[in-house]
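Residue numbering begins at 1 within each chain, and the chains themselves are lettered A, B, C and D in the order written.
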Amino acid sequence: MTNETSKVIPIQPVSYSRSRQAGESQDVLDHIIDDFQDNPESMQYFYDLFRSVYCHGDEIKHEGMLVGTTCIQAPEELIYAFGATPMRLCNGSYHYDQKGAEFMPSKSCSLVKATLGMLNSDNVIPKIGKPDMIVNPTTCDQKKKSSSMMGDMGYKVYDLEFPNVKESEASRQYWQRSVRQFATELRQLTGRKLTKKGLQAAFNKTGRAQAAFRKLHSYRLLSPSIILGKDIFLVTNAYFFDDITRWTEKVEALNVELEARKQAGFKAVQSKAPRVLFTGSPPIFPNLKLPLLIEEAGGVVVADESCSANRMLYDMTAVDEWMVNDMVDSLADKYLKPCTCPIFTKNEDRKRRLLDLVKSFDADGVVYQAFSGCQVYEMEYRSVAEAFNQAGIPMLYVETDYSPDDKGQLSTRIEAFLESMKNRKKQKQRALG
Amino acid sequence: MNYFAGIDVGSTAIKVAVVNETGDIAGVHVTASGSLFHKNSLEALNMLLSNLGLKRTDIRYLIATGYGRKLFKEADDSISEITANAIGAFEAGKAFGGVRTIINIGGQDSKAIQIDDTGNVVNFAMNDKCAAGTGRFLDVAARNLDLDLEELGEYHFKSEVAPLNINSTCTVFAESEIIGLLANGHGKAEIIAGIHYSIASRTVRLAKRVGIEDRVYFDGGPALNKGLVAALQDELGRELVIPEHPQTTTAFGAAILARNEFEAEQSLVPA
Amino acid sequence: MTNLEHIRTAVNNVQFNRFRFWLQIFFFALLVYGGYLGIELGKHLPTFACGYNKELRGGMCFLMPLQHWMEWPWEKLFSAAALTILYGFAIFFLWFIALNRGWCGFACPVGTIQDWITSLRRWTGIRYSRYSEGQYKGLGIIKWVLLALMFLIPLGIGGGWFTHDLKSPFCMICPGRTVVPLFGLDVSQWSIDFSSRTNMIMTSLGLLVTGLFFIGAFVKKRFFCFYCPMGALHYLFSKAALLRLNKEGAKCTRCGDCYRVCDLQIKEIADDIQNKNIMTDDCIMCLKCVAACPEPGALKATFAGIPIFEATEAGFIKRMNKGRTDDK
Amino acid sequence: MNRVFIVIAALSLSLVTSMSAANADVLWLTETAPPKASASQVADHAAHHHAMHSSTSAVSKTATSDSGKHDHTGMIVLDETPGKDHRPSKQVWLRRGDDIKKSPFSDLDGGDPSLTLIDQAGKKSVVEAGQENGLFTLKAEMPEVGFYEAYLEQRSVKEGRLLVELPKIELLWASCQPKEIDEEAVAKPIVNEAVALELVRIHKEDEGCMNRIVSGDVVNFQVLSYGKPVAGIPVSMVTQEGWRNTQTSDASGTVAFTMIREYFPNWLEFKKYHTDVFLVSAVMEKNESGALNGQSYSSVRYEATLPGKYRPSPHDYRSYAWGLGISFFVIVFGGLAVYLYRRRRLKPYKEVRVDDKS
């Protein structure tokens, strides 16, 4: 029996560029590029990169095996040393966030949900291919639990055991052992040996990238700012998937341009623009909602303390003896000791780092983003707020997620916050003058 | 004579305030937002001007605030309603011996603001996305109880028994909870009192986040609701300061700011 | 930029390990071969310029006269003759406050020899050892015990309780006695003295320690410094010294880079963010930590309050090859 | 090896003692105090002078500070700067007879004594002798570090022969403080050109203040008359244990003796600071005539003496084989232990154990 009106409708492939996530990225990118004046010319590479990867779904080439990382705690130097390429899987797409909700409770962290959603979709963006292995450092609960989910999706997942206390010597050694174990795992995966030469080359790669980042970081010390925070976030987000050497070269080019800007006395913002320190859950493209709102409202993000920028690239490794053994241990130390991730039991370091950043970057206030469901940031809010309160630094705590529907409300809050900072500044000047 | 205006384009109502050179209120006007709030805003402004017998050119500086502030291009400048509210409350509070803490319940949001002794915002908190504890909540409740919004205040005091507990924090769920309570034979008065206490306790929690100092200035449309005021005062355990036109404090603040900005600009022009 | 700033930048960007290597050679030549050139810095040096190195030495380790004085009969020790000791201490102190424990990190011949042994190990590609936290705490007491014995045994000799064969007890077990004279081609310390039980035991102990010294220094950086009673003695006076190691806790990220390179495994250098004066009893003031600190101004060496060597980002990047572009 | 050499040397030398010119009655100076009589002073002196060695040798309790600047025993001796509180001086006594163990302490014979003290710089001073318990004694003040020579000259006429007794002693004030030692001056012998016969020990080139003579050493003496070397003078040596040897000075006036080993204690009783005394004497006869105090003589006999001290050879108690052996053993087995420990130590930290007791 066939009914004339009933028929099977075959799946109609939609080209990626017409998909929802492409649209989402397109919107944000247009916003980043077109709604601001005087974007640095060297940023064009990054704009084009994101357009190509997120809007057109172009493939990214990589060398050797692909090792996905779900956290900055995975030592990428080791991955490079084995001739593989690391790629950070943390995702900022609202589209994937919604997709990932089928794995995680809806109240859980958008970032983890989006990452799962991305990994589970047929059309993984950024398109880098299927990772040969995913390294999942056991940091926060949600990342921990996503391990088996990723495994169920058919990925080879390696749980890199990460301690939750960093003060003790025992945890330091535990972590060193974890990292050594990881090296063994990578050896099995790649079938290559960890050599002094290879590791040193990897150190040079990341070291140079870090040096370039630090240079970029130092230009943000200038007041008035010569570069906006949204561009910095875009640059550091590109580090997730871009070829490291090319990325470094482009950042170095950007640094050259910034030096010229500095010499010319260029201003990217009004000289009275409130300087904001950004902290908390990481802004990951295309979810640059909050930094963009701040800068649209006339503020400027001058520094950040988040794992998508500063925390990822700032701390550098020191090695005393350039031998595999010492280099691996140093590496382990670098990924544990300076880390200010809120997953640790105590986090005096984060508070101190924040206060120091406010001081050295002459920030007028702090915006603290916590993804709803990102419990560790939510829980740490009180103590951080108290520290800032004592230091007389205003802080705005924003609990949000990837959905764009609270933009209106957020913009009111951010504007009010910026206005209060401006007033404060005026008052201070009056008191001084 | 120079006049200055502030317009607060809110989600439920548009408020306009005009002040003279000395910062005294010349007049206020409140109208519903409706769907065409740009048009309505202009109408509200013009209405007030004609009531006051002023021309559009008499308004030397106009500042917009509220959700629609950016879309109201006729304004000279815009400012967030939090700052405007703080300024307005600070100015209005002078008559009451000064205030440091402001609670504002609006149509869609509720805010608590702490200001310093010069009127600057020190700290503020806003409800998150959800509309629980806002004017909208009262709106929905009034509709469910077949009452006018204005009647809620009177009913509050008619209750003979203790206010009922309204547990739901979500407006939508609260609606069904109210229906359930009515079905169980509870009186409207105690339900209304319960609603007021529910909103009051949420608001107090918000206010505690910013810190409560001595007197609390309470504004926004729901401040006209005497029952809510009583509940809030009960929960706070503090003196409340309620201005004459609680709805227009924010617009008034914008107008004051307009006056200040104008003067600041004038002082920059060489004589 | 002023000239001073130029100099400061140059100093802060120095390839520190290389600089230190040459400075150590200079001091080694001065203290171990200085006698050739007629250099005589006296017998109050706060470093192991070993007296057993005969005529070659350019000065003498203070521990030698110190133990000798302590051996004086008590009636003499507690008489006006003790002014000699006070005078000696004063000279020692003056030498010491100039460099603080920089004497250990830069001047000490025994320290330098250990660094050379470490280089040898590094050249062979053998990894170094570290103490566990428990071992570190336990063994850290040894230097204080040695310091106490170094005073008590000679006092006991002076008091008539111990045989005179026990004289200069620390010198007898100090690897400096056996190792430093080797650089003057003098192997005479490498023998066992069978003339009495005490002598036999002490000389055997001395060579035992020498053996341990070589193994220890091979696998552990600055092995002996951890047990050195001279270091303990230094620490007692370090607060008065001119050369200081300072830390600005607020700038520290506790990244542990300094702990990483510390030859003596001093954890406080990375973890302590309260104290400005960060020197511990184990610190040899080699200033490697300052060279390995990426945070500008977090660690600095000051002389009489004037910063002379400071941690800088640029210096770190240069020293740690961070800006290298020659990979592939 | 060394011991064999010493024995052979001793044997060969004892064969040529025929022309012994030794006089059993020689007069010599010593730093050894007479036994009982002045014991208290000796003790006082020793304490004052700071006891340097635990040497219980009956011969020398007064330290001679000759244990070497950096002697090879690992003992470093640092003497203080001579100062007000610690005035260095040495006391010297006179003995007669060549049996070092038994010869009696004596006083001056009356004769015609003269006492001279010469310091390292050659400064001569005439000193007055003293007496203690009826015995001759001399307290020599030694303000500067270095060698001092004390000369006694005593003349008497017996049976028409003038006997000129010329005992001499070398005193040393030593210090380890390098700046205070003038090494060249130390190596240079002190010569008294005013005496008719003198025995001078030739210092070693690297002698310094802290060197000392040990068994097996070859010790050189020079026979001088008025500062000029004299050949053909018989010189004899007597050691503490009574070993004797006589040699005749050569053209440059020198004689050489190899110190024999005489100290053979059990191991545990061995004292490396055991000090023995030797006595060297030379006799020169001349046909000169004259008169002394009214007594005429037709010939003159000069008798010069010089005592010295020596100690056991370090080779008797030092072993390089053992020293190197121990350090080698430690390095090899310690290294192995470290290697094995590091290889087996896969657990990076100690397990925490909890049991009923804790």
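In this section, contacts are C-beta pairs under 8 Å (C-beta built on N, C-alpha and C of every residue); 3 or more make two chains touch, one makes a residue touch a chain.
Fair warning: this is a prediction, and the values are worked out from it, not measured in the lab.
The chains in contact with chain A as well as with chain D are C.
By number of C-beta pairs in contact, A-C leads when A-C and A-B are compared. When chain centres are taken as C-alpha averages, the shortest distance to the whole-protein C-alpha average belongs to C. With centres set at the average Cα position, the gap from chain B to chain C is 73 Å.
For the pair chain A and chain C, the distance between mean C-alpha positions equals 45 Å. Between the Cα centres of chain B and chain D there is a gap of 112 Å. Rounded to a whole number, the gap between the C-alpha centres of chain A and chain B is 39 angstrom. Counting only residues that touch two or more partner chains, chain C has 132-133. Within chain D, residues 349 each touch two or more of the remaining chains. Shown for chain A are the residues in touch with two or more other chains, namely 169-170. Remark: chain B residues 67, 79-83, 109, 118, 120-124, 126, 128-129 touch chain A in the complex. By the touch criterion given at the top, residues 47, 50-51, 53-54, 69-70, 72-78, 80-81, 85-86, 177-179, 267-268, 270-272, 312, 317-320, 322-324, 326-331, 334-335, 338, 342, 349-350 of chain D touch chain C in their complex.
On the side of chain C, the complex with chain D involves touching residues 40, 43, 51-52, 54-55, 64-65, 68, 72-73, 76, 79-81, 84, 129, 132-134, 163-165, 167-168, 171-172, 177-178, 187-197, 199, 202-204, 206-208, 210-212, 214-215, 218-219.
Within the complex, the chain C residues that touch chain A are 122, 125, 127-128, 132-133, 249-261, 267, 270-271, 273, 288, 292-294, 313, 316-317, 320-328.
On chain A, the positions that touch chain B within their shared complex are 394, 399, 405-406, 408-409, 412-413, 415-417, 419-420, 423-424, 427.
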